[in-house]
Amino acid sequence: MNVGASPVSLSEVIAALGGDLHGDAALTISRVGPLTEADATTLSFLSNPRYQAQLASTAAGCVIVAPAFAEAASARGAAIVTPDPYLYFARLTQWWAARVRPLPAARIHPSAVIDESAVIGEGVDIGPLAVIDAGAQIGAGARIGAHCVIERNAVVGAGTRLSARVTLGFDCKIGERCIVHSGVVIGADGFGFAPSGSKDSGTWVKIEQLGAVSIGNDVEIGANTCIDRGALADTVIGNGVKLDNLIQIGHNVRIGDHTAMAGCSAVAGSTTIGAHCTVGGAAMIIGHLNLVDGVHISMGTAITRSIGKPGVYSGVFPFDDNASWEKNAATLRQLHSLRDRIRALEKNNQS
Amino acid sequence: MNVGASPVSLSEVIAALGGDLHGDAALTISRVGPLTEADATTLSFLSNPRYQAQLASTAAGCVIVAPAFAEAASARGAAIVTPDPYLYFARLTQWWAARVRPLPAARIHPSAVIDESAVIGEGVDIGPLAVIDAGAQIGAGARIGAHCVIERNAVVGAGTRLSARVTLGFDCKIGERCIVHSGVVIGADGFGFAPSGSKDSGTWVKIEQLGAVSIGNDVEIGANTCIDRGALADTVIGNGVKLDNLIQIGHNVRIGDHTAMAGCSAVAGSTTIGAHCTVGGAAMIIGHLNLVDGVHISMGTAITRSIGKPGVYSGVFPFDDNASWEKNAATLRQLHSLRDRIRALEKNNQS
Amino acid sequence: MNVGASPVSLSEVIAALGGDLHGDAALTISRVGPLTEADATTLSFLSNPRYQAQLASTAAGCVIVAPAFAEAASARGAAIVTPDPYLYFARLTQWWAARVRPLPAARIHPSAVIDESAVIGEGVDIGPLAVIDAGAQIGAGARIGAHCVIERNAVVGAGTRLSARVTLGFDCKIGERCIVHSGVVIGADGFGFAPSGSKDSGTWVKIEQLGAVSIGNDVEIGANTCIDRGALADTVIGNGVKLDNLIQIGHNVRIGDHTAMAGCSAVAGSTTIGAHCTVGGAAMIIGHLNLVDGVHISMGTAITRSIGKPGVYSGVFPFDDNASWEKNAATLRQLHSLRDRIRALEKNNQS
């Protein structure tokens, strides 16, 4: 819980983040929290009008609201009025985090194993037992967590932060101001094999993956997510892309700028996803497809063809109580013949 | 295979675990194994009546059975009769493991990097190259595997065991007697961003995740599973929860006591799951839902609404040979119009 | 990108890999690349007749083709003619990788923590901060990456390569010439618990996993994939098996020789998969099943029964634009009653 910080006055919040304050600027805030769990020292927010009812009953000392709710919010206590309360809240969390958990001073831990040919920028932090291999470059102000492995000739951009236990493969590059969470593997081999011999008795011959991974600026990558190196050219992740946990990005994939993918989703090899797309959790996209900008894939959906038009695409089996599902699923196996029976009935009716 | 242990007599088994012995107490057992792969020194068990036929043909020296099978089991050799053979078997494996692979004596490996402000309890084991950061607390008798990273102010309860390569994020807590497998990441940031600018051209602004993760007692967490820290409050895992491998638990999720989730399942942010639930493999539950106690989700099912009633819920596409599936799937895309055609036929019939 | 290598003449390629050269043997090649991104120094290939049109327009210095395309290829420049261009290409990438990124000389890094009872073969490479525990055996020429953890009595076969941050659990064995990518966990406990008490209020009692994992030769395992140890006997992965990233293999599973599984697929406990099978991405196979040799599972498909006949099996919901999907999915919930209505219409028609 975000406690332990010294209290701050609303005037300090406004000075840092802007907004139109209604109420007592001297009011002190000691935590940021949801409307339903707030007390008199909590700064809360209302971003979704659906939760408007919570506004009347909350005990929050101050609530961040849109202009439409300024009156209702002020009626019950202090309010910060701003056009986009959710965005304000995001910035507030950043400002708050910097206050309550400032980054420790950068240091290169003596237990780290750093090749003498590696190039380490100004103000870089390297955690305990990290490994920086030959020819690697770490940009100014980057932070490499404990137990990270930065392989030969890999490049970490300025200001990028790697949590503990991240692997950045040889020749791979990640841009500036990125955040990479624990357990991420960038640059494992793509899954490429040529069959040798017949389908029924042959073996697989490895296709060495000669490309690398190239990641833009301001990218965030969630825990244990994997991004494979390309077969011939690089796998490319655009600027501002946000990837959640346990995501699989196959070799040669290209993801456009500012696309966001939720946890456990997967993109098979050589598929291109446009910019400003979203992919729901556990959705999967097969290989060699092309999705244009502005495509939004619902959770759990399997994308099996290219998509040439922006929009929302879905395809998940509707869940039900088990008995109902069983009956419907059994019938589904005869759906094609049901259609034929309807046709026959229609024909019969016409005659 | 569980060989190499010195043989043990059935009387020793009974002394340790109870049960009603039918047969020779001096019979020696050198392994625990399934009915179908047993020999005269194997202690086996019959828990599912479906496998009753295996009882007659097994070569096992002794079989653990329920009272209903006491006669049949004794007719062919020694038997241990107990009301719940599967539970007896579980306890047997624990007793057996303690015999054949006792834990090595606790030691703090000299290569571990332990901050001087960390608090290390009595009898703690810390493996090679583990990192224990400032303010972390390790409870009595806990075992921290090689290459684990315990970040600032994280807390590990007494008797909890972490396998190699586990990340426990700053401020996160795990209770007593837990087991955490290799590659687990607890406390990576939840996936939270506020959109800035329009949907088609905007960017994502990070919401700093100000909460942590709080895990109860007697929890087991499988390899490479991820549990994200909360946005404002903590992500909470109840007592006795069992999570398999490669599971994704989003921020602010709450999982009730003794709920079990199978591999590759996922729970998106801010969803609450009750106690004594089960979630099948690769099932996925979207965010902001509430599932009551005693809900059982089948494998591969996508849960898209809250569930207010205990029961079994399913929703997976029935697989078929590819040609049949293709025909049915193609028809499925016109299902709504098929319904309209049935309606038209019905109307026509009535007139 | 695969640059930086000293150029090579086509005659050297032919000398190393065979094939029938049409054109100038002295032509120098400096990269391997796709037809569409080739220049005069690129060696490219045409394996799929679907891309035949690219042959006419490519700028590649030389193209690897099948005999049927020999004439068309030679008409535009140099060509290597071979019965199976894709297989030739695979071997080319191996030869190329050996040239452009030769493995560094083997060394045992002084920071590695190696138990004195471990047996290290000839020419073994052990990376920085790797941990080799008591009784472990590392075969000749094996390479153990930075931060790997090889637990007690684990065995790594000759010539096998582990990338950074791999866990090989106690008593587990991996064969010769295998490749294991970063983050892989071999030998975590299988997910086994016996219920104690009633379904609504009971707890789970751990079944200690007394088996291990046994992996054959020439196996490749992708990043962050997990293979659990068996409950009583071993989990077994056959020779030549290829596993992509983020795959879950449950306890007691057996996978036959030369079977390949794509990313994010999962196999639950005690299932046996035959040889020469393929499993698509994110497909899932429940426990206690048996799949014969030559079974091919499509991506995203849930396999819920044993399969006794080779063939292709599928079962994924066809995606659609969201509005269409919603209508069809809603109707799907009444599919069973639609069938009844068709029956009633048919009966009515007959009377």
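Observations on the model:
So that you can tell them apart, the chains are marked A, B and C in the order they are listed, and the count of residues begins at 1 in each.
As a working rule, contacts are C-beta pairs under 8 Å (C-beta built on N, C-alpha and C of every residue); 3 or more make two chains touch, one makes a residue touch a chain.
Since the model is a prediction, treat every value here as computed from it, not as a measurement.
For the copy pair subunit B and subunit C, the superposing rotation over Cα atoms measures out at 120 degrees to the nearest 5.
Interface residue usage between subunit A and subunit B, two copies of one sequence, is largely distinct: under half of the residue numbers at the contact are used by both copies. Here the spacing of subunit A and subunit B, counted between their Cα centres, is 25 Å. Across the assembly, subunit C contributes residues 129, 147, 165, 183, 224, 246, 264, 282, 316-318, 320, 330, 332, 334-335, 338, 342, 345, 349 that each touch 2 or more other chains. Per the touch definition, subunit B reaches subunit A in the complex via residues 113, 129, 131, 133, 147, 149, 151, 165, 167, 169-170, 183, 185, 188-189, 191-196, 199-212, 224, 226, 228, 231-234, 246, 248, 250, 264, 266, 268, 282, 284, 286, 297-298, 301-304, 311-318, 320, 324, 327-328, 330-332, 334-335, 338, 341-342, 345, 348-349.
Those residues of subunit A that touch subunit B in the shared complex are 1-2, 32-34, 37, 84, 86-87, 89-91, 93-94, 96-97, 100-101, 109, 111, 127-129, 145-147, 163-165, 179, 181-183, 218, 220, 222-224, 240, 242, 244-246, 258, 260, 262-264, 276, 281-282, 293-294, 299-300, 310, 316-322, 325-326, 329-330, 332-336, 338-339, 342, 345-346, 349.
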